[in-house]
Every structure is written in structure tokens, then in C-alpha cells.
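Multiple structures are listed underneath, in C-alpha cells.
Same chain, two partners: chain A is paired with chain B first, then with chain C.
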Partner chain A sequence: MNVFSDYTTQIVALGAMLLGISAGMLGSFVVLKKEALVGDAISHSALPGICLAFMAFGAKDTNLFLFGAVAAGLLSIFVVKTVVKYSKIKFDSALAIILSSFFGLGLVLMTYIQRIPNSNQAGMEKFIFGQASTMLKREVYELLAVGVVLIILIILFWKELKLYVFNPEYADSLGFSTRKISFLLSAMTVLAVVAGLQTVGVILMSAMLVSPAVGARQWTDRLSIMVLLAGIFGGLSGLIGTLISSSVRNMPTGPAIVLVLSIFVLISLVFAPNRGLLWRQIRHYQNVKSIGRDKVLMNLYYLSRQHENEHAHAIEAICMSCDKKIEKQYRQILEKLVEMGYAAQAQKDCYVITTEGRNHLTENGLIKEANYGLL
Partner chain B sequence: MVYFEIQLIAVVVVAACAIPGTFLILRQMSMMTDAISHTVLLGIVLAFFVTHDLGSPLLIAGAALMGLFTVYFTEVLNRTKQMSEDSAIGIVFPFLFSIAILLISMLAKNVHLDTRCVLLGELIFAPSQRLVVDGADLGPRALYTMGFILLLNIGFVVIFFKELKLTTFDENLAVALGFSPVIMHYALMSIVSITAVGAFEAVGSVLVIAFMIGPAATAYLLTKDIKKLLILSVLIGAANAIAGFWLAMWIDVSISGMMAVVTGLSFGLVFVFGKDNGLVAIARRRRQQAKEFADLTMLFHIFRHENSPRAEIENGIATISKHLNWKETKIEARAADLIGRGFLVKENKKLILTEAGQSFLALSRSKERAHGFHFRNLLRKIAFVPTHLTSLKKTVPRNVGKLSV
Partner chain C sequence: MKKEENYIINVEDMTVAYHVKPVLWDVDFHVPEGVLMAVVGPNGAGKSTLIKAMLGLLKPVSGTALFWGKPYQTQRKRIGYVPQRGSVDWDFPTTVLDVVCMGRYGAAGWIKRIGKAEKKMALEALDKVGMLEFKNRQISQLSGGQQQRVFLARALVQDAEIYFMDEPFQGVDARTEKAVIDILKALRDTGKTVVVVHHDLQTVPEYFDWVTLLNTQLIASGPTAEVFTEENLKKTYRTSGEAIKE
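Up next is the complex of A and B:
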């Protein structure tokens, strides 16, 4: 396949992979803090920063754009947190207001720039809609640098971030400054989002942050494993998404990556052990069955207590019904009980509880004493 | 005339948006507007593949349905209890949006479905599409669609006001009384979806979020009454729209963008300078309370030690500063203030209560009682001081100085 040997594809795939890894790892913290949509707000808010940087420096130098975007992103988070802290406005409303008014400001500035003669704004458009296919080697280095910085920060402040995410009050009481940790997390998120803007664009960036983390959350209850898994999911989706988009004609990279991510999330939601929907359904089914078995066993037990010498009872007596359908069900359950050794079959359709069965009931707290007999 | 029409459309749109927006804020579902305003693109694209006509009303229907589907999809993910609601939104809308982008760029490359225009929108073009019946120009089409949606929203809120209020504020009570919060939820979200689609055709998706959430949130800072909230949010929204329009005309920039900016600014203004709950008001109130508390604390301290043998030492400024752990400058400032108000007099470095000061203290003590707040009881709880030590006797044992204030 020429896809793998194509130089541009290699560059883009590498960049998307790096972005996926760093956004995924960081997203774990953001998602656990229940601030998943912060990425969306930051990516929208970055626009006026980019425009202002463009107006101030005029150059097409993307590094300056990045600087403006980071500043605007940080400002937006700061405003959101201030509003939430000092008023009854909730987090989601604050996000929505800041997001829309910052983006509106961005539009205003963009239309203003358009009127400036000789201004080349090609570089700016790229930030809004994202254009992975034109990625340069230099941008990959930038993404690499951002990724390395983020990973180092995560490792350095692992304990603090973990405390802050799960129990900020406890962190406070231990003497950690939650304000500083919160700022650190915000700054890292802004960095990751801004780095990704050029690749996947404003709107899809929030998925890069949220989806890998939600997917990874299903597989484990340990933060370290979750962060690693989220990084892997993000990286893999970046890689696979780029490869797919470059082998199909006219397929944009950003949406392809997001689709692959969504597939990862779907698989995790359904198939992850313990938390997955499939497993939950299976466990539910097993519970229903085991409760049914215990119920039948209890019937056998009480029947056995009614007589001095214990003898087998016919299936009609056990299920107390002459409905053929219910009888059939009981027969199946009784056969299973015989197989498990909890009951014994005396003759056709006649069953009796065994000592093992009695022990099983006692162990599960369904009957009080192992010794039976008339009281 | 065009100016007037644009403003009229904007005001109608903002009124139609602010009404469901109020309930979105109260239900903490603001970001749903963000999701819906993006995913409607997929609805439009899918409907286009069915009709192959960009002017078809089916596009609007498809978009509204997609909005509802977004809500449902989010709800399904949310109900698995495997993720929080905002994560569900954060997964659903980029997913649907990227499907839309993929479809457009792969299958409809030649069609003029401008994603930029859909997303950013421009109010200036809204009056150019006219409603023409029998050759007679009846005005801009957006005015009629949004006017209809506005009436729909008003009707919905008026008819289901009780149900909306109940399910918004107390879901459990609503269930107990036999109302279905689920039906109200989807009814409201249908309204939001239809409004978002209608509005974003006229003004673009960013402005939909600004119009829905901004005015309602600003009004929410100003009032607690839900009826006032609804009316106020419409008024604020209209003011934002008109101010935004003229500002945009003046600087010659994007009208939608400017309206969003003004919405944000008006929220910021109320947030900072609001009468009771603004940042400035909070800061001022806190300073005032700190001052009053300091005054009382100091007066009580002087009162306590007034006739004791150590009064000379205890009521000197340096000692008060040490015992209360305040800076001397603060003590001096408070003392000067209290002397000015006639509560204290200064006699060679010792502070003495005046008649006025004593009656002021007595008054504030009775006030504390009236409010059920007993300074002494509180002190006893905190410091485990025996009752006889905290009682305000004129002669106080010597060792109390450091324990009590």
C-alpha cells in the first residue's frame, strides 16, 4: 500500500497520533472532574486570541497565533470559574455564555481583519476548521513538544492532580492549594486544545479530549491505567483515522479521527469487562438464574422439613402448580441443581435436597441452621 | 428599511430563544444548545440527500428531528450510568457533526452546502429572502418563520407553565403528583430544537447559543421569580440585539458576532455591578460586615476589662492589638472611628466606653438574642469556656483575658 510510504501521510499520522495521546491522557482528568465540555469552550474561545495575535503582529507565524490562542483560552477558563464561584450561575451556563461571546468576538475581529487590505488570513482559517492534511514537519515537532511537556507535567504532579480530581476538599485539608492545581490543569488543557486546533479544528477538538477518556474509564477503576489507556485510544484513533482518510478520496482527517474514536467508545461501552453493557446484562441474567435456583432449593428444603424421614417429592409438589410451562421450567432448574450436587433425583420427577444443598443455603444466609429436623 | 427589518428579525429571534433558554438554565442543560446547534447540520445534510433540494422545508424538519435525536442519544448514553451527562454531550455532538462533515465532503462536494455559512451565519442576509404571495412582497421570510416559532414557544410556556415549573424544580414531586418529567423533558427539547433550527437559519449557530443562554442567565442574576425571569430575559435579549446591531453597523463588522459580544458584555456588567449579587456589591458587603464585626469585637473587649484591676493594661491599644491579634494600624483606625461616633473616649492611651457605647453594646446584644444567635454560647462551644467565665459580668476574673474576647 502506498499509503504507508507516502511522506505527507506519515507526517500527518505521526502528528495526529501525538495529539491523540496527549489529549487523551489529559482528557482523563478533565472527564473525571466532570468538566468534559471545557475543551469545547476553550477551543471556541481561542478564536479571538488568534485574531488579536494576527492583528498585533500581522505575520503568518503560527507560533504567535498559538500564543494568542493560549492566552484567550486561559482567560475564558478563568472567567468561567470566577462566574461559577461568585454567582448562582451554574458551570454549564457559564460555559455556554463565555463560549458564544468569545466566539462572537472572534467573528467580529475576523470581519474587521477582512477589511484590512493586503491581509493574508489563510493561516487563520485553518484554525477554525482544522486542516490536518497540510501539516508540516515543524508542526509535528510542536505537537511532540507539547505532548512531552504535558506528559512530564502529569508525571510530576500526578499525586496533586489525582487528589484534586477525586477529592478537592481533602486536597485542601492536606495543605495543597487547589487553586494552583486547578490552574495547572486548566493551563494543560488549554495547551492540548490549542495544539490540536490546527489538526482537527474547533468543533471536533472537544471529542479528542472527552472520547478517549470515557472509553478508557470503562475498562478500569485505576487512574494510572485509565490515563495510559486513554493515551493509547487517542493515539490509535489518530493513526487509524489518518490512514483511513488518506486512503479514501475526499475524506477529511478530523472527522475520520473522531469517527474512529467514537467506535472505540462504543466498543468500550459494550464490551468492557465489569462496567460494559454486555457484561452487565450477562451478570443480570446470571443473578436472575441463581435466585431462581435458590428459590427452588428453598422449596425442597421446606418440603424436607415437613416430614420426619426425608423422602423425595414429585415435581408437582415442588412447584405447587399444575401449569405445564412452569413445571418444565422447574424441571430444568432441578436438573441443574442435581448437576450441581445440591439435589438428588430419587426416581423420575422426584427430587430431594442433599446435605450439600443445605450447606449452600446456610452459606448464603437463606436458612439459619445447618441441622434440620422438626422443632 | 433593511436596518429595521434586521433588527426586527433579531428581536423576534431573541425572544423566541430566550423563553426556552430560561428553562434550559434552570435545568442545567445549557450546553445542550451547543450540541443541538451543531448536530442540526447532519439533519440538513440527510434531508438534502432525500430531497435534493436546498430550499425544501423538509430540510428544516430533518434538522429539528436531528436535534431531538441528539437529545435522545445523549439521554441513552447518560442512562447507561457509565459517564456523566456532559461527557455524553461531548461524545455525541462531535460524532454526529463529523458524520455530517464526512457526508458533505465525500458525497456532496459539488452542492453549494456551505458549512461556514451554516455555522457562522450572517444576519445581514436574513432580509434578502422574502415571502412573496401572489407577487406581493410580505416581508422577510425569516420574520414569519421565527414569528410563528415565537408564538409556539409562548403558547407552550403559557399552557404548560405549571408542568414546566414543577418538573424543573422538583422532579420527584412531579412524579408523585402524576406528571411525567420525561414527557415534559422531550416536549421542552423539541421546542428548543425547533427554535434552534429556525433561529440558526436566520442568524447562525453561535448566536443561537448566545441568544438562548445569555439573556436568560443575565436575568437569572437579577431575579428569583420565574415569571419575571422570562419577561426580563426577553427584554434584555432585545436590548442586546439592538445594541449589538448598531455597534456592528458603526464599526462595520459581523452583526451576529457583535450581538454575541454584547450579550456576553451585558452578562458581565450585571455580574460585576449587579445591585445585590454583583461582585462589587459582594465585596462592599463583606467589607462592611468585617468592619461592623471588628467594631463590636473591640467594644466587647473594652467592656469586659473596663472595671477590672488590669483595665489600664488590657484596654491600651498595644494590648488590644496583641490579644485580638490585629495590626495596630487597624486598631487605631477602628478606635478613631468609634471615638468619632461617640462610643469611646481615649484617656492617656486607655480606651473607655461612653454611655452611648454601652447602650450600643446592649442593643446589639439584644439583637443577637432576637436572631437566635448567642455570642456567649458560640464562644462556649468553640473554646469550652465554663458558663461563668463567658457571662458578661462587670467584674471578670483575671485569667479570662486571653480566653474571651
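Up next is the complex of A and C:
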């Protein structure tokens, strides 16, 4: 097995990587705009466009197919936006309706085409799941061109895209027509999706837009870093996915790339600092513990206020219970409080709050709230 | 009535409808230069809609809003807008300073980037609203009051002559409210005109010198002392859009 030195594989992997980089970067804006499903609508809608192009021109020329795909993709977005604007149907429903009707039409047309005698070499199945291994050098160049154009557009219109995604009304008030920026973003999305159809296929193409961005968002709070990371995730997935698919017989590229992407997303969801699930769980656990400690400390504080001269109290008084299990818990917490300097141990199982402990409560506003009767 | 030239904002015959239901009905009013004006009315009276229609953010059924006698599109750079705090997703990955810098985007125009001079202006504005120490904060970590201050700072760097603010006191702490109104008063004192969508009737006489009372239709508009009367308030809050049906 010698996938890495094989010329075709190198070409294909390069193409998939370029696609992943540009789709991932662009997808960051789409995801932040909360229009992640737009990519899905465009890619599914491209299928009837491809079929109609084939039926009209009959040729195997992929460029004509792609032209049909672009036209159908743009049309689908236009229809969705029109439906949302002029009816009471919401954006997500409109997307779902358009997506499925276009895709349905595409499947019907494909069945029809397959009955035409000369269609067996049309190779249209590859548009469903993607078959990068049939990619030609020329097509890789096309992908490269699309990728470069997209990246240049993102850099040029960085400020406009950011403003549009973050605060569209404000963008309009400053004179940046959101209609124009929205069209730009849609056109770029169509370009990216159509470029990726041969590699990843209509069904999974939207993952190339969405997944890298979702993964990248987990690691950073800066838009620039998010876009960069999304590009890296997308590019790596394209590369690794293609290599996997070319080393396993008959494995379509699309699913391989998307699976690799999903692994990136999964790792990001669980392990990313701050936003990751694991991190959040740990922080939650720490919060619960610290609140528990503060509550015990408050009990000590109340006890100290009930008496003129401050003296230590037995653990039974502090936890107001004689349950042995609860007492044990309290003993642990109290020992921790002593260790932190917030409480002092007078004798065995007798504790008193310290000045530091009092300060700690004041700093957190607990004493003030207690005085207002809020606790 | 004063002479027409004294007014820098002239709104005429403004009617806005979402689908069938009119939200604003034939609203006319004029604002002179250098006032701090409140737009007051019950929920659903069309206060925010009025501002958005004036700024061309939504298309009115009929009516015009002129600034210095010209439409908004030609006067953008002299007008600043502060949208409602809730109109954006504060989980967007960006910093306080970056949001404030957005106020200079309009002056920069398409494609051009903003530079050091703009960043300096943004820092100064942040200082004015007392948020300088938060400049590198991720915006999701701000409280409601802090978010409002950031929005105000963003409008300040626009260096406009008229400011429109949509509910700047909605859900902010007392300290922020005080800070914001002080800044607005200072703006007015330097000759700027400020229009504020406002909810709290109690504070109107104290904060504003000009008032527009609105409930789908215009009830009254003019100096607070003349217009902010019990009778007008009753008219504003009694009807709920029924009057226009007749």
C-alpha cells in the first residue's frame, strides 16, 4: 500500500485540503450568523441543477454541471429568503421545505437520466456522496482558484462581514447595506458548496462549512483565531479523509472527510478550555463545593452573632443535625475552612469563625445580603 | 409654532405597518437642535419602530424623515444610532475594544480598514463611559449595564451631531443609568441633539428637555414643561391603538 507517493492521491488530497480550508473559514461566518443550515439547503438544491444541466447539454463536461449547480443553489437561497420575507413561514421551516423539494426533484431527475441509454458514463452518482478519486488535475486547479478567491474576499470584506454577522441593523445604519453583504455571503457559500460537490457530495457538503467552525469556536473568543482554526480543521480533515478513502477500496471521500471532521468537533466539544464540557463540569463541581463551604461559614457567622463573646461551637450546633453522615461531611468542610484560614479549631469538633472568614463573606456580599434578610 | 428653520429633524406623515396592522399612523413632529428628547409611550406604541423608520432601517408605508432638510442616506455620517442591547448575540467572539471600533467603520467606508487613530478614539470613548479597564474583555462576560456602556462608547466614536438611542436604560443598574444620562446631557450641552426611546415616566422631567408622546399616533411633541402634562399622559396610556379605527 503506497497511498502517499501515488500521484493521483496527492492531487486529490491537495484539492480536498484546499476545499476544507476555504469552506471552514467561510463557514465561521455562516455559523455565527446562525444560518448553518443554509449550506445544507444549497448543496441539496444543487442536485436538480446538475441533472438539468446534463439533460440540457447531454455532455459529460463537469463545468456545465457546476454551472447548473451554482444556478440552482442561488435560486434556492433566493426562494428561501423570499418566502421568509413575504409569508409568515419561519426561516428554518422555509429552509427545510426548499431543501427537500429541490432534492426530491433532483432524485426524480436522476432516475429519469439513468434510463437514458448514454447516461451510464455520466457519473452523476459521485455527486451524491463525493468521489474525489476521479478528480482531474484541472479540477484541482479549479478548487485552488475557488479557495483563493474565497480567502481574498474574506480578507477584503472582513470588517463588513463581521459587522453584518454581529449587528446587522447597526451595519445598515452606517451605510453598509446588509442586502449587499448578505448576497455576498450567500454567493460565497454557493461557490464553496458547489466547488466541494465532487469531493464530498451534496448530502454531506454542509458539514464542511459547519463542523470546522463549530469546533473552532470552542477554543477561542477571537473571530480571527476562530476563522484561522476553522481553516486548519477543515484543511486537515480534507487531507486525512482523502488519504483514508484512497487506502480503502470503494470508500467514498465525503463520508471519510466528514468522519474525520466529526472527530475534531467531538474533541473540541469535550476538551476545549472554558467552553468544553469537561471544563464546565469541573468548574460546576468546584462552584458547588465553594458554595457549600460558604454556607457552613455563614452558619459559623450566625452563631458568632448570637453570642456577645465569640467562642467556638460544637459541630452539632454548627450543622444543626445529629445525623452522623452529615456531621462527617461538615467535619470535612470545617477542616478545609481551617486550612484556608477562614475558621479556627478551638478543641476537638469545636470551631469558630476568624476575621479572615468574616472578610471573605463580606467580599462576596454574603453578610450584606444577610443583613437585608436575603439569605 | 416656531419657524421651520429651527428644526433639524422633520418627520412628516410617517406611517409604518407590519403586514396589515399599522404600528405608526401619520406621525408628524419636529426636533430643534441641541435638545435631549425622550420618545415616550406604552409597550407596542411604535417607539422603536419610529426610530428605525427614520433611519431607513425599515420601509415606511408613507412618510419622510429629513435631517437638515435632507434624507438620512445623505446624512449618515452626522447621525449615530445605538440599537437595543438585546438586538445582538453577546456570545459573538470579539472584545469590547473591537465593538467600539465598529463606530468608525462608517467613516472608513467599504473594504478600508481602521487604523491606530481610530483605536485611540475608541479608547478615549471607553474611558468616557468608564469601561477602559474592560477593553480586552470578551463581550459575553459583560453585565447588562456594561453592555450598554460599550454601545454608547461605540456611538460616541462616530462623533455624530444627532444621536438616536433605543431603550438605553432597559435593564441596567442605577449607576449605569446615571453615567449614561450624564454623558447624554454633556452631549446636549455641546450642542448635539439626542433622541432617546424611554420607558420610565418618573425620570422624564428630570432627564429630558423635549418630549414626544406616542401611541401609534402622535399624542404631543414639544418642550417637556409644555407637553409632559397629566392630560397628555392620560391620552397616551389610555388608548391602545383603538383611536385610529374610529
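The rule we apply is simple: the second predicted complex is superposed on the first by the 327 of 375 C-alpha atoms of A that agree within 3 Å, B and C clash if a C-alpha of one lies under 4 Å from a C-alpha of the other, contacts with A are read in each partner's own complex, and residues count from 1 in each chain.
By definition in this document, a contact is a pair of C-beta atoms (placed from the backbone, for glycine too) under 8 Å apart; a residue touches a chain by one contact, two chains touch by 3 or more.
Remember, predicted model here, so these are calculated numbers, not experimental data.
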item	value
Partner chain in contact with A:P255 - chain B first, chain C second, else both or neither	first
Greater chain A contact set [chain C / chain B]	B
Which of chain B and chain C A:F78 touches, first, second, both or neither	neither
Contacts of A:D40 with chain B and chain C, given as first, second, both or neither	first
Partner chain in contact with A:R217 - chain B first, chain C second, else both or neither	both
Chain B versus chain C as contact partner of A:S173, first or second or both or neither	second
Footprint overlap on chain A, comparing chain B with chain C	34, 217
Residue ranges of chain A in contact with chain B within the complex	31, 34-37, 39-40, 44, 83, 86-90, 92-112, 115, 129, 203-204, 206-207, 209-211, 213-214, 217-218, 248-252, 254-256, 258-259, 262, 265, 269, 275, 277
Residue numbers on chain B that touch chain A, as the complex places them	25, 28-31, 33-34, 38, 77, 80, 82-84, 86-87, 89-91, 94-95, 97-99, 101-102, 105-106, 109, 115-116, 119-120, 206-207, 209-210, 212-214, 217, 220-221, 248, 251-254, 256-261, 263-265, 267, 271, 277, 279, 282
Residue ranges of chain C in contact with chain A within the complex	52, 55-57, 73, 76, 79, 81, 83, 87-89, 92-95, 99, 102, 105-106, 108, 110-111, 113-114, 138, 140
Parts of chain A lying in touch with chain C, wherever the complex brings them together	32, 34, 156-160, 162-163, 165-167, 169-170, 172-176, 217, 220-223, 226
